[in-house]
Structure formats: C-alpha cells, structure tokens
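Order of writing sets the chain letters: A, B and C. Residues in each chain are counted from 1.
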Amino acid sequence: MAGRIESRLGELGIALPAPSTPLANYVPYVRTGNFVVVSGQLPLVDGELLHSGKLGGGVSIEQGQAAARQCLLHVLAHLRAACGGELDRLRRVVRLGGFIAAAADFTEHGQVMDGASDLAVAAFGEAGRHARSTIGVASLPRGAPVEVEGWFEIG
Amino acid sequence: MAGRIESRLGELGIALPAPSTPLANYVPYVRTGNFVVVSGQLPLVDGELLHSGKLGGGVSIEQGQAAARQCLLHVLAHLRAACGGELDRLRRVVRLGGFIAAAADFTEHGQVMDGASDLAVAAFGEAGRHARSTIGVASLPRGAPVEVEGWFEIG
Amino acid sequence: MAGRIESRLGELGIALPAPSTPLANYVPYVRTGNFVVVSGQLPLVDGELLHSGKLGGGVSIEQGQAAARQCLLHVLAHLRAACGGELDRLRRVVRLGGFIAAAADFTEHGQVMDGASDLAVAAFGEAGRHARSTIGVASLPRGAPVEVEGWFEIG
C-alpha cells in the first residue's frame, strides 16, 4: 500500500526512476545512525543524460532546472531504497549540495538548483525545506550540467 | 544579557549582520539532532556583494579574505538563530566548506579561506577549531568571489 | 600490536604517511559524536605534490588516480589519529568528497576518484564501501590535481 509521500508523488505525477548504478567503486547511499547520505547523482533518463554541457554555454536555465530536478529524482530513488521502500520514514531533508557545470561568468546557479529544491518542498512539504550550497564547477562526470547530492534524517 | 561568545564578539568589534534571506526555495539552516547545518552564504553587506569577481582575476587575496570573513558572519548569524539567540550553546565548529571563485592558475585558496577560519578561532577559541575543505570553483551565485557553508555541534 | 586493519594495510604494502600539517588556521579532523570529519587533503609526498596541474590538461588519468589514492592515504592517517591509533574502531566510511582540478571538457572524474575509492574498499572491505560526490573544480590549493575529504563513523 502506497504511503503518504508516495501518494503525494503520485498526485504530482512524479514516478521515481529505478535506482541508478554507481559509475564506479562506491555505493549510492550510506545509512549511519538516523542519517542517510546519498552520493552525487547525474540527470540520467534511461541511462542517458537528459542534457549535457554547461550553464552559460549552451544549456539554458530551464534545461538546467529540468536536469537538477532529474538529479533529485535519482537521489530520492536511493533514499527510498535506504528507507526499505517507505519514504514516509523521512523526517527531514537536511542538506542538498548542488553542483552546476557553469561558464566563468554565469551567475544564476540558484535558479538552476531550484529545479531540485522546488521538487523537495513539493514532495515533502515542511520536512522538505532544506539547507543547501550551490556552486559553479568546471566540469562534471560524463559532461553532465548538474549533479545533486543529499543528506537526510530518517526515523 | 549578552552571553560569553557575544561578549567576545563585542570585544573583537564584530557585529553579526541580520540573518540574510535565502535567494531561492531553501532555508538558511537545518537543525538535526545536535547538528546545525548552515547553507552556503555569500559575502553580502546590506544585500550587496562586498566584492565580486574572481581570485586570480581582479579580486586580491586581501579582498578575498574580507569576503570569506563576511560570508562567515552570515553563517554565524544563522547559527545564532538556530541556537535561539544563544551562541554559547555552540560546542564545536565541525566543518567549514570554502568555495573560492578562482582562475585556473590560482593556488592561494587556503590564504583566502583563512579570512573565515581566523574569525572562527578568534570568536570561539578551541571550540572554533574546525575541519575544512577549500576548493576553487568556476563561478558562484551572483558573481560572488567566495561562498562559505558550515556544520556545527550545539548543546 | 597491529590491529586487523593495520595488518590488512601491511599485506597491501600500504604505509600511511605521517599526518600532514594543515596549510592554514584549521585542524586536520574533528570528532563529533561517533563521526570523524577529515579536512580536504592534497596528494603530498614528503611535503611536495605527487603531481600538479589538471586532468584534461597535462595530468593523465593514471596520474590522477595515483594522486587521489595519495590524498586518501593522508585522510586515513588523520582518521587513525582520530581513533587514537586504532583503525579497527572504524565502523564505516560514510562519504568521500572528491575534487578533481579539471579542464572544462573533462568527463572521466569518476575514474580518477576510483584511485581513492578502490583503496578504501581494499583496506576496509564492506565497511569501506562509501557514498561519494565527485566534481571537476577550476583550481585547487597549491595547484594540486585532486583533493579528497572524508566522513567516517567510528566506535
């Protein structure tokens, strides 16, 4: 039976992807005490990047927002696995880290990362309101425009 | 009545700014257990950047240090709010993350970040001695030269 | 008497370096509760960089992997100190952060960071399997090609 959060995701028309396989020798999440730490996720759709390139260099803000949202869907897919399938065990999205592959003169990193943050708040309400740091990086694995990582408290 | 840390800040001639408003859909801090996680802060003074641009590209090391210090003032303003106004509840500055917008050939990121680290140690003494990671990024929100985030343990 | 992990490191032919001195006003690690947070480490050998420069700009993937491994050796040296010399107290490598100084068109950050991740798994087995985020940065302190930080749970 779907939980409260799953129902909310359904109402929003959001289906979480199958948990992605790490690209290398690490795991997608670690649980330690009441914390779940999810590895940085790329904006993959069926194994391919939703967009590639840089903000301020070919990728639009709207495309960047869609990429950030897609990254968070993968983060949430791993969080669900860490919760044994029960997303209702989430107590708080503690922190999201947003890495935006960006030109040296790009300034709208915050707008791009809102693609992830807005989804967190839509899905989890008050528990989805998180701390975050957003930075512009030189490049990302596979040429992705965005990577998102997350820290969560669960019950 | 001012606490011990507030008095120390006063002796240092340091006034914390009013807590800044997040640029987007997130919150300035999250408390989880005994931890406070503060979102990445920019070097704002009355809502404007103290400096803008890049280290190794127009912004001097001294300006970068002043910017890092200003970022930490905002971090501490949020920490104070997270402590219900009582900074004496701080047990330890656990980790500071320093993001320096820097040219590809810049190497003095550590010196710049000391603008924040020196303030933490001056304000909190032994409890202010922290782990940190400092990196050079391609660009930051609003064109800021420095962004600083923090993890704290409070009682 | 050497512990289990120390013996395993010996079998792998791995000697941890002497704990490095921070470049600036911070400490190499902080213990908070059951967590140890280790500051970002550079790939130093006897105080000099093993390699310098950028991935996708003069530093090969193999050199980057060796640099990432060397960074982690320093991380583990500090972890050992945080454990009072007893690495067997490690319960879990929670998260590694990998910062790769990289050209704008570099895409193999994950391969580079495997130099650190493979060592963690070789040394600690199941407890060494970690979450991680790997990003390409514009520049690093001293011109290093890689910096690695770590979060650990200890008993």
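Here is the rule we use: a contact is a pair of C-beta atoms (placed from the backbone, for glycine too) under 8 Å apart; a residue touches a chain by one contact, two chains touch by 3 or more.
Since this is a predicted model, take the numbers as computed values, not measurements.
In summary, the pair chain B and chain C forms a contact in which the copies contribute largely different residue numbers, shared numbers making up under half of all those used.
Superposition on CA atoms relates chain A and chain C by a rotation of 120 degrees, given as a multiple of 5. In whole angstrom, the spacing between the mean C-alpha positions of chain B and chain C is 25. Annotation for chain B: residues touching 2 or more other chains are 101, 104, 137-138. Remark: chain A residues 34-35, 56, 92-96, 101-111, 113-114, 117-118, 121, 129-138, 151, 153 touch chain B in the complex. On chain C, the positions that touch chain B within their shared complex are 23-30, 32-33, 37-40, 54, 97, 99, 101, 104, 137-143, 147, 149.
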